[in-house]
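Presented sequentially are two complexes of subunit A, the first with subunit B as partner and the second with subunit C.
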Partner chain A sequence: MKNKTNCSAIEILNLSDEELIDLSVKNVLSLSLDEMKSIQFYFRKLRRNPTDVEIETIAQTWSEHCKHKTLTGIIEYTEEKYSKKIKRTYNNLLKETIFKAAMELNKKWCLSVFKDNAGIMEFDAENGVAFKVETHNHPSALEPYGGSATGIGGVIRDILGVGLGAKPLANTDVFCFGNPGIKDSQIPDGMHHPKRIVKDVVAGVRDYGNKMGIPTVNGAVYFDDGYMANPLVYCGTMGIIPKNKIDKKVNSGDLILVVGGRTGRDGIHGATFSSIQLDQKSDVGAVQIGNPIVEKKVLDTMLKARDLSLYGAVTDCGAGGLSSAIGELGEKTGAIVYLDKVPLKYGGLAPWEIWISEAQERMVLVVPLKNKKRIVELFKKENVEAVFIGKFTKDKKLTLKHNGHVVASMDMSFLHDGISKPKRFAICKIKEEKVQKSIKMTSVDLSKTLKFVLSDLNVCSKEWIIRQYDHEVQGQTIVKPLQGTDIEVSGPGDASVIFPYTLVNGTKRGIVLSNGLNPSYGKINTYKMAASAIEESLRNAVAVGADVEKMSLLDNFCWGNPNNPEILGSLVRAANACYDMSKAFDIPFISGKDSLHNEYSIGGKKYSIPPVLLISAIGVIENVANTVTMPFKNDGNKIFILGVTRNEIAGSVLAKIKNIKDGVVPVVYPKESKEVMKRIYKAINNDLIESCHDCSEGGLVVAISEMAFAGDKGVKINIDAIRIKGRLSVAETLFSESNGRFIVEIIPKNKSKFRDIFKGCVFAEVGCVTKDKYVIFESQKDKVKVKEKSRNLLKVWRNTISW
Partner chain B sequence: MKKVKVLILRSAGTNCDYETKTAFEMCSAVAEQVHINSLIENKDKIFEYDILAFPGGFSYGDDIASGKVLANEIKNKLGDKIKKFSLSGKPVIGICNGFQVLVKMGLLPEPKLFKQISTLSYNNSNKFECRWIYLKTEKKIKNESNCIWTKNLPDIITLPVAHAEGKFIPLNFKLLEKLNKNNQIVFRYSTRDGMVPKYPLAPNGSVEQIAGICNTKGNVFGLMPHPERYMFALQHPAREGFAGKYGYGKAIFQNAVDFVK
Partner chain C sequence: MFKIDIFTKEEFKDSHGERVLSDILSIGIRDVKKVDYFPFYIIYGDINKSEAKTIASELLSDKITEGFKISSGAEKKSKSSIIEVLYKKGVTDTVSESVIKAIKDLGITNDVKVKTGHKYYLHGNVSQDVLNKIAVKLLANILVQEYKIK
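Entry: the complex of A and B
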């Protein structure tokens, strides 16, 4: 790269359409022709060419990453079902689905919805909890360690930058990778091996998260070859914030203070490059370099400054760097920035590089003049660099100066509202799903299949990952990601609960975190994928004791190229599912993020990833003493299945293993499910439930086996007692992934009280916990019996990923 | 009654200071998080406190080696004061990164010597390990150790560990013998029945399964496991506790607070 220290004008006034496109591609602006023409039009009015600083500023501000152009743009949508066509135009898909549901539900305990760096819901009378999940896919594909580390570093700053700053309490991580067992010869040229990506992504999250002292308590990993060249890395952070620190205030005359890391050439074009397909030529310089200790120091000191009310607003430097942060803060006032005052890692940066660099660990604070001295002293005391670089004005203009020269001068209104709305076409052809040919299995087949499913990459233990994360730092993780009755055995917890006793004196309340993710359903039906992910996230939370009436959701879309109408159509369907389910469950979305253009090219051919909607759920629990874990507790206790099992095999782990092409994807029945969830909460609070586990990937047989080996117990299940709807073989009953089901363990004497609570719901007693440590599933009717040692199943579950 | 005052020393990268503070507070002490810069500015402030705690974390990112940079900083800028405090017999504890700091500045195994003669190195698994383990208390082997922090604990307790560099290695066999002879080895990793464990119950491969040591006098104590993360039963994976609701960590912090009183 050439060392440019000055700014230059970019010829745009007299360019043809073709030349405008060339300019956009050459400078990694990721702007469309319409957008380039809007810029041309604006500068023709000013009768001058833009500077490089100006054009880069516009590109960052208008990037898909910052502006969500697709989801807020115009979409002409056509849905085809049984050769009937329905057309609909969306002027802003987000506002007409997910956001609309939140507005209609209008929960008074939602304190900040879709407007700040994170969503905030009420924790108690004085505090709120903030939650945000981000994606860092493109960087993690190029440089997995740095990509994932700065992914977690970035979302932590979102939490520091919400309101006047929240204190982070927990992290979550969800990954989608290619198959780590793939042969080297099958890896496309220039791509990393999936196993290398897995190891480095985990190491990145581990090193950053652990050093920040934030426990990583929840997550999921999904393996599919569709993510080989374009892995997905979701990072989330939850924090606690006093209610009186939620509002930001920017006044004309306030000073701009940049705090934390220095600015360098790392992460140039991060925001804009995320809208471009990956290939061998992708520039690794777009990936940022992280230093967690610098961020930890910022966290420690900034929250002190917050509590002393030394600043009026804050935001993080994320995508687009200072350009986005100051552009946002100064939107209503205007701002002037002296770029030569920004502390640099090294010399030689051009003004535009300083302005858009995504160097890490930087926060921008808005400081009233009177606090100028005090705030800098506070940071200095703990060796944190804090430098004033400009101030907010009254002129509603963005002015940038470098060594006395004006290098940019634009109207804030053009920067924020000058973008033309793109129009895209979307189409969705809904296919009919047919029940597969009946799946028959002998006792031996069933045993074998159970072990195959338990050892499947998407079901097996993720202990290798979880134990590298310090998931107990801060001492508040009272429902853990791995749960075992004994220290030596463990099973997968459904959700984690954080009990913030070190921060909120005398509290009994807890915060539950969970997620739902089902890309295999999305390959067939994205509506059902979205609905199932929402329900799964809720079930996971309810299984540990969450109150389903006090929950909020986050959406994270990772999709392929939205210029392809079918891909965009599948996204519209998923967004509609979010609206429908949010309304039906009466649970709002409070924040979200989308990452589109997850597309890569191999040998000139383009591939889009299988679409993924990650749903993250957060809830407040009234009393942490009333939470439960999933391992079976005592011999002789009774086992109940809540909910009904349907013949829903499509997209299941069984379908993958047995290569079954037909089948129905699990449907969500929100009314039935919510009723069960409400009553579980009641039963847990009446101390009637000993253990509870959500039933999802792999079906009943997996959920029950996990409860047995996590408790180091045996279990005997009568398959004939399971409540089913429609025709199901034994195999279909055991491996179907129908929504709405939970397994619970009850002390025999509590049975009648338990039955009273669930009167009117579908449920059945199906067996009991035994002391012989064998897992037994038996059907007298079909004369089949599965019998396996509990410890053996634990071994099978643990062995797949043990590196 | 006199309130026992605890200094929780923090620096860049400290991250277990809140829960350590709360742990002492749960034992009715008054605890204060103090940044090392402010202690260096006013060195004698240390003598206003009854107990000194070095909490867990990644001081200065554990660059060079875990705890090394902070150990040097303390030794060079606060060495005399820290030594004097320790020799006065007041309780001092180093947990996880804090233990690494104590060992690397040489306050352990012997503050009189104040020289590094042992280390904590990378786990045998070469991985960060976050898990619960069993500990055999010295009482199980000998009658009682001098350690004021671990009085009245049962033979076997459970605590969580979370570290990548926890393998304790003494300089030589002579030192190991001495530590044994003087009852300075307070905790060893163990099985549930007090037997020698294998990985993962032996999480790091420490020499003689050493998990925590104290000085000969018994007031300076360092350990890799985290007692501050097990103050009450809900924090245990199976939610077990002693006396119905407490964690073993509570007993450890209470011992020190009671000692001062």
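Entry: the complex of A and C
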């Protein structure tokens, strides 16, 4: 191979093990010794050294970000419970847990599961809905504004790149941040203050999402000091796609068309960079800047081209840039790319930089020769740059040329299957959870604690964030994130409902989006955290009217360093919970993503983040008219609690505020919960429920208070009527975070019909909506009474974050 | 070269400036009494003053709430402290890309280059150290931006 171009050979054939590692570190390849040796072995067979383009391509393709090496690698897992050891080997954790459940459930209405850029489930006879959630943690730590903006831009492109392209209908965003109240002096050098990160991340999502004309409708924010130096930024997009546009087709001879933004040095090494821990020397080249205006034009024009059937396949340029996109599309055929044809922002880029740049807003289209002229004309008419840069071949090789010189020539099979499977060890010691010493509170204590909990960062109103987002654009958001009587009086909606009537003529159907996450449970028990997050996401969706029989889930793991066996062990436990719950609830996962190595160092010491599993749920409902919101509606209506309250305080907001160390983390009882969920759907569709709210962070007392102040109503609750299991004090009853519970409001005349529907479930009438606008919880038995003005509680809830 | 500063007219609220002031207070700095925010655009290329004026009035400012100042050389000294924030060289400036396209749409056909920036006038008796702190902690992300104190 001649190298007269701006490309050099990398000496690898004669390197020792040590030198191979050095090379990987020096060039930010993030490859292990085994992987470097696989490369050495391959090129020894070819009797030549690889070029820089080749080695960078391999590093991108094999990066944790693109290949998910940990979750698909070999894991030797040991579980210790009460000094009994159980061992198990996973050859591919993902395939043996989350994916396996989806295969076993084998739902006909799941149209694309774990194989494309997003999961797709059926919407109606003609359409599917696609949903994807991604993380953009590392870039957001360094440049919060650009990082989160390109995070949302990237996941929108995932939806554009699923099948032949879906039309985005809604965005979601979930963040984990450090405590925004922390003193400036406690922030390590070179890191941003959490409050600045919050503001800039929110601004980034706002500026990109709003400008794209896509409503941001659902989300969550969780604060914990563990995310101070390593914030988590999850962005999701949901879109609608005709069923006949779901399959991609790449034929030998098809042309490669790159459309949208130009290629620059931005985001070089993003994929490999996201697989390493953060420190102050982190690579500044990894920062990307987003341009929503370009992406909006790409979106509009691409969907036109899709409907004219001008291309056979598409994918987005995400992590790894062109390298990943074309590598994936050409896996079965082979491809030749002329790098000098790629439109550049400025000159001077080396071939390998062009190939792996993560410049934003680019899509790669696979165009049959016969459509060559028409597709370029279409993009030109809309002022979107579209340039042919190569074609798919028959030789199953990846060939890259630059100014006439071959700069890379490798077998696709080596690139995609040549990676050696890493073997890792995982261990999980399951701690016994004991019920804490009984928590006794006086009436005054209870009132005070209620206000503390309502104002807690993880319970309080996120209105300051939500109102920066446009959640109305496109005019299809039927159930919105804030619900209440007016702009000053609102409570937190459980889920959002999109009614895609502008795209699907005459439809009555709707799409429900919700999420669940609970990192505080994960600090004690990741199995229960995962199970609770799954149930919470379902409860949230069911509370607005979702049909639990027609829902799908997405998983997003953000974990610490998987080389630490205990951290990996906690991940295995969470993955097992996903399998168990998916099967028990009979609800499949359709897509997911993991972000590992969320680790940072301060003063030479390494810290991993508290693990987080975000579960995003999507459901399709028959009739958007049959949805409910959470504010109480009318005086005199009866209040029921569905589900049973157990003594489950560990990981709760109460435990955090009162510094309670013992306790049991909430368990999920899928059989009980699913039965309740099914019947709520039935009750809502029989018009028997006036309002409904999921009961989670903060417990019953928070959920009921929220419903009261959002409706500007009073409420009187008889604590003694609450159905409990085991021994619980009043405080434990009110603040326990047991799963499986809903609060519902019923018109008195509907009581008997309502009771009929829930026959056999645990439920109880506990009080009524009152006109005096006081929130009252009273126990005759224990002689305690909480009495607070509903408006006061609203104020307490709203005041924490109002920057 | 023309530099176009955009400012909020006095009778309207400079909400960005107010937000920056509250951010400054929230990191414990009490020396700053008021902040005025000016986004600015530096336009390089073969254009004349009247074209610059068209660009400023038709494209870059809101006629009702904002005014503009055009300068072509050194600026006058100001009594208050000024922090200017600009992107570092090599960082994609998407706003400037849009401005360049829009200038063409205005019918000004000569090639131009545009740099965008943010200017903050800080009123009050503020030391150099404090200005640096405000710039680094609140106004510029030194990974992608640079700042100047005037």
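Of note:
The rule we apply is simple: the second predicted complex is superposed on the first by the 795 of 803 C-alpha atoms of A that agree within 3 Å, B and C clash if a C-alpha of one lies under 4 Å from a C-alpha of the other, contacts with A are read in each partner's own complex, and residues count from 1 in each chain.
One rule holds for everything that comes next: contacts are C-beta pairs under 8 Å (C-beta built on N, C-alpha and C of every residue); 3 or more make two chains touch, one makes a residue touch a chain.
Given the structure is predicted, the values throughout are model-derived calculations rather than measurements.
In the superposition on chain A, contact of A:196 is made with subunit C only, not with subunit B. Taking subunit B and subunit C in turn and counting the residues of subunit A each one touches, the greater count comes from B. Of the two partner chains, neither subunit B nor subunit C is touched by A:432. Touch criterion met: A:184 reaches subunit C, while subunit B stays clear of it. Touch criterion not met for A:18: it reaches neither subunit B nor subunit C. By the touch criterion defined above, A:417 reaches neither subunit B nor subunit C.
With both structures placed on the common chain, the touch criterion links A:293 to subunit B and to subunit C.
In the superposition on chain A, the residues of subunit A contacting both subunit B and subunit C are 291, 293.
Taken together, the subunit A residues at the contact with subunit C in this complex read 142-146, 184, 192-193, 195-196, 199-200, 264-266, 284, 287, 289-291, 293-294, 345, 359, 803. On the side of subunit C, the complex with subunit A involves touching residues 22-23, 26-28, 90-94, 97-98, 137-138, 141, 143-144. In the complex of the two chains, the subunit A residues touching subunit B come out as 206, 210-213, 291-293, 296-297, 300, 381-383, 466-478, 480, 482-488, 490, 499, 501-503, 624-625, 629, 631. Across the complex, subunit A is touched by residues 10, 12-16, 18-19, 21-23, 35, 37-38, 56-58, 60-62, 127-134, 158, 160, 162, 192, 201, 226, 228-229, 231, 234-235, 237-239 of subunit B.
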